[in-house]
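Chains: A, B, C and D, in written order; residue numbering restarts at 1 for each.
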Amino acid sequence: MTSKTISLNQLVAWLNKFSELVSAQCNYLTDLDAAIGDADHGTNMVRGMTAVMNAITAAPPSTIGDLFKVVGMTLVSTVGGASGPLYGTFFLRMGVTSGAVSELNGAQLLMALNAGMEGVVARGKPLANDKTLFDALAPALHAFAISLNSCHSLSDAALAAQTAAAVGRDATASLIARKGRASYLGERSIGHIDPGSASTALLFEAFAEVFSGE
Amino acid sequence: MKKLINAPDNLVADALLGLAEATTELQIDHKNRIIYRAEPKQKGKVALISGGGSGHEPLHGGYVGLGMLDAACAGEVFTSPTPDQMLAATKQVDTAAGVLYIVKNYTGDIMNFEMAAELATSETGINVLSVVTNDDVAVQDSLYTAGRRGVGVTVLLEKIVGAAAEEGQDLSTLSTLARDINNNGRSMGIALTSCTVPAVGKPTFDLPDNEMEIGIGIHGEPGRHRLPLGTAREIAEQLVEPILADFNFTSRPVIVMLNGMGASPLIELYLMYGEVAKILKRSGINVARNLIGNYITALDMAGCSVTLLSVDDQMIKLWDAPVKTLGLRWGI
Amino acid sequence: MKKLINAPDNLVADALLGLAEATTELQIDHKNRIIYRAEPKQKGKVALISGGGSGHEPLHGGYVGLGMLDAACAGEVFTSPTPDQMLAATKQVDTAAGVLYIVKNYTGDIMNFEMAAELATSETGINVLSVVTNDDVAVQDSLYTAGRRGVGVTVLLEKIVGAAAEEGQDLSTLSTLARDINNNGRSMGIALTSCTVPAVGKPTFDLPDNEMEIGIGIHGEPGRHRLPLGTAREIAEQLVEPILADFNFTSRPVIVMLNGMGASPLIELYLMYGEVAKILKRSGINVARNLIGNYITALDMAGCSVTLLSVDDQMIKLWDAPVKTLGLRWGI
Amino acid sequence: MTSKTISLNQLVAWLNKFSELVSAQCNYLTDLDAAIGDADHGTNMVRGMTAVMNAITAAPPSTIGDLFKVVGMTLVSTVGGASGPLYGTFFLRMGVTSGAVSELNGAQLLMALNAGMEGVVARGKPLANDKTLFDALAPALHAFAISLNSCHSLSDAALAAQTAAAVGRDATASLIARKGRASYLGERSIGHIDPGSASTALLFEAFAEVFSGE
């Protein structure tokens, strides 16, 4: 496993990139939600990530633990809907697991991400193939872990995570939704990508971009 | 998109400003988007909080007042409010008798209210119970979905449980009553047109001129299936039959709500009520009380929903008790 | 055309069937299309009759009941009812104290109520007086038009004069009060979309997506002019300024009605009320009471109207008096 | 003036033809009303004339006075709106003036029609060029009178009335409405034919058709 460390600033850059991507893809995310949900996923994520970037710019957190806690709390308190508690809990748990440190190594980052995912599972009880953001998140973390464990670079591991998230996102199209609003549609949800999996894929697109070359 | 708004992003904030001007009986925390009674409940009585995405007016802000809710948390359009809002409301309205959350069954609402209850318990020690409404028969109640949506029964529940809270019933009794009401209520809705979410600017779904969407929720979610546009009589069948197939409403009197989705005029709702009443009569169902109008809406969707609630004498008594809110008022 | 109806020709008849099921407090003569109170007024009190074309619900049938009207005559959609209906209603509700007709100023309504009054006098000897509302500032009040239309003030007048009739005031006093109310009230409306008359099946006027129609009536008549679609703030100006230019509302308190035309959801009406209240505040106008909702509609038209009524203490007292109708209810 | 007499049956035929024409032209009349009114003139007239034909078929009146009175009362009690009292009063006054006779000569018919028009004026107070049905009715009766007084045949007089009504109807297009709903539009009413004048033109089209060859 790579011994490269990840700084607080890099993590801020990740969040910043994620914020840029959801803003750029706002209509796309909302259109996905219009097809099988209630047409607000893009505006929800943009509202949340804009608030996050404002919060951490106004009062830059001094530890990684604090950073993720501020991110999580800001998402919880500004997003609402399903994605607010899910993304919020994800980052809150990452914060608790990261602790009051100023850098993380790959293994520690993986641990924090996994803790975040456990938070998502605790909140939303998604199972694999329920057609939720979990179907992008779980494969992404799985790919990230395998790559790191195979002693690939952080950059390669992040790329693997990005790819897995994108594959996971695309694979939601053929699933019947069993969680969230889309589940009301039953069979009619087939053929549409899950909006949350698409925003999660953006999270890992931002991830790969920031850690490329590391 | 043609709406009486200033800008899509300001809709909720501006509507709350209007609500604040509408009556001195409400007090509005604009920062937290919470609607309170101006005159708080007497000490020792359980407080009721509800909330959800905006766009369903008068639900929930229009149901804050004597005999109904103590506070309503307003989310963005069709987006659950956040735990912070619910926590702030909880601290504000608790009179030391505990707080009941009335939550419509949507993943977002459930999770946000859950987080609020966790925070309330750990931060304040206030006794919080939650009741979840899930009365929409359009959705299969199976392990393979998020479960039935909470729709029309929420209105009836807020009224009846609100009256019981005003009587001074305790938290666990109220929570049992609320659950009992939810278990005895069923709803079903149809849309003639999609609504348009202001931030999106175009209809959520396309519905051809000769089709209607059966089994819609209150968020512009597509329904279960489409049918050729029917007559009011056929639509009434489409609404009432699945409700009656799901629950036996012949054993006790019922409260019926014929609810407009926001853009269907009252003359059509009166007419629809007549068609629904005919089917109920034919099915041996005894209507004790009714409501006809826009009570739980989906922005500018044209269409309607039917809610039936099987009630006992006590519930009817509580239904008839005085209520003074923007959305429902009688006896005072 | 997408409506919750069975057939365009049956709309009015079917809606009356629904109304009959809605409440035991109304009694409906389906043949003559008259809505009565089930429990008639006490002997010796003046009875109030109104009526007009259908499509404006809850006006007028929804305002029959304790503290408001004694009977409402329903015409075809947007078509004045006939003298026969009014005559039958007159005979039915008179308690020997005389009958007041409340007529909105439209040529058809005026002529039909006039014929009814002639027939009532010649055939029955019942003492009939008429009051005509004409509060719509969108129309020039000149010799060269049919005069201003009667719109929102009609609702406020029916409430206030209804309360006075319930108090036992005599016919000439009531007719003076009614005229006084009409003289002190002004309204103005705008449309975002045209309504669709069921028998016609297509919108009465075409309104491009980026335009609004200023100064519309309640029958889908085109307005005075078109403007680019404005914000709620701009629309509020367009509504309130012509009203304030026409009458001085600063000297006494006012009752404000922010009325939806039928297809505009409540969240937008709350928001619009906020914008209107801001202008009134800035103009030094003191709002004593308000109504926000669908009270006098134009089928499925999206849009709204504002009505201001300058009131004295007596009118406020009568406004606050108990009323129990489908459309307005408080104090009972 | 022609000495030809007009029978009750011919007058029934006139009404019948008028009823057919308004039914055939229902949409046209309503479209005219949609432009400057409330889109109901066609349905109003069809409802009224259908009721009229039903009434006089069910219980055929035995005198011309009775015929017109039944027509007028039926219109008053089934049409509503502005046209109900106007057309209703028109026929009621025709009935009173005709009296209990079984035939009319041309002069008598003219007298009855003029009485009907006076009823319209008493009810609606229309002036010439107010853009109402009066602008078709008045020229039609004027032309009818002149033709009869010039000893033309009933057929020719009826044709003159038809032409004058049609000209009057068309001339309403350039007028500003000063009565009825269209007056709310002010200047915007210019360019549209008045719906009531169009139904009145149909009344005289039916008239000319029934009396052609007399």
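Everything that follows uses one rule, which is that contacts are C-beta pairs under 8 Å (C-beta built on N, C-alpha and C of every residue); 3 or more make two chains touch, one makes a residue touch a chain.
Quick caveat: nothing in here was measured; it's all calculated off a predicted structure.
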{"item": "Identity of the chain that, by mean CA position, is farthest from chain D", "value": "A"}
{"item": "Centroid spacing, where centroids are CA-atom means, of chain B and chain C in whole angstrom", "value": "29"}
{"item": "Where chain A and chain D are represented by their mean Cα positions, the distance between them in whole Å", "value": "76"}
{"item": "Centre distance in Å when chain C and chain D are each reduced to the mean of their C-alpha atoms", "value": "32"}
{"item": "Whole-Å gap separating chain A and chain C, where each centre is the average of the chain's CA atoms", "value": "55"}
{"item": "Chain-level touch network, classified as line, ring, star, complete or other", "value": "line"}
{"item": "Interchain pairs in contact, sorted by label", "value": "A-B, B-C, C-D"}
{"item": "Chain C to chain B touching residues, read off their complex", "value": "2-7, 11, 14-23, 54-55, 57-58, 62, 192-193, 209, 212, 229, 231-233, 235, 262-275, 277-278, 290, 292, 294, 297, 299-300, 302-304, 326, 329-332"}
{"item": "Residue numbers on chain B that touch chain A, as the complex places them", "value": "53, 75-84, 106-108, 111-112, 114-115, 138-140, 144-146, 149, 197, 199-200, 204-205, 217, 219-222, 224-225"}
{"item": "Residues of chain A defined as touching chain B within the complex", "value": "30, 34-40, 43-44, 47, 76-86, 123-124, 176-181, 183-186, 188"}
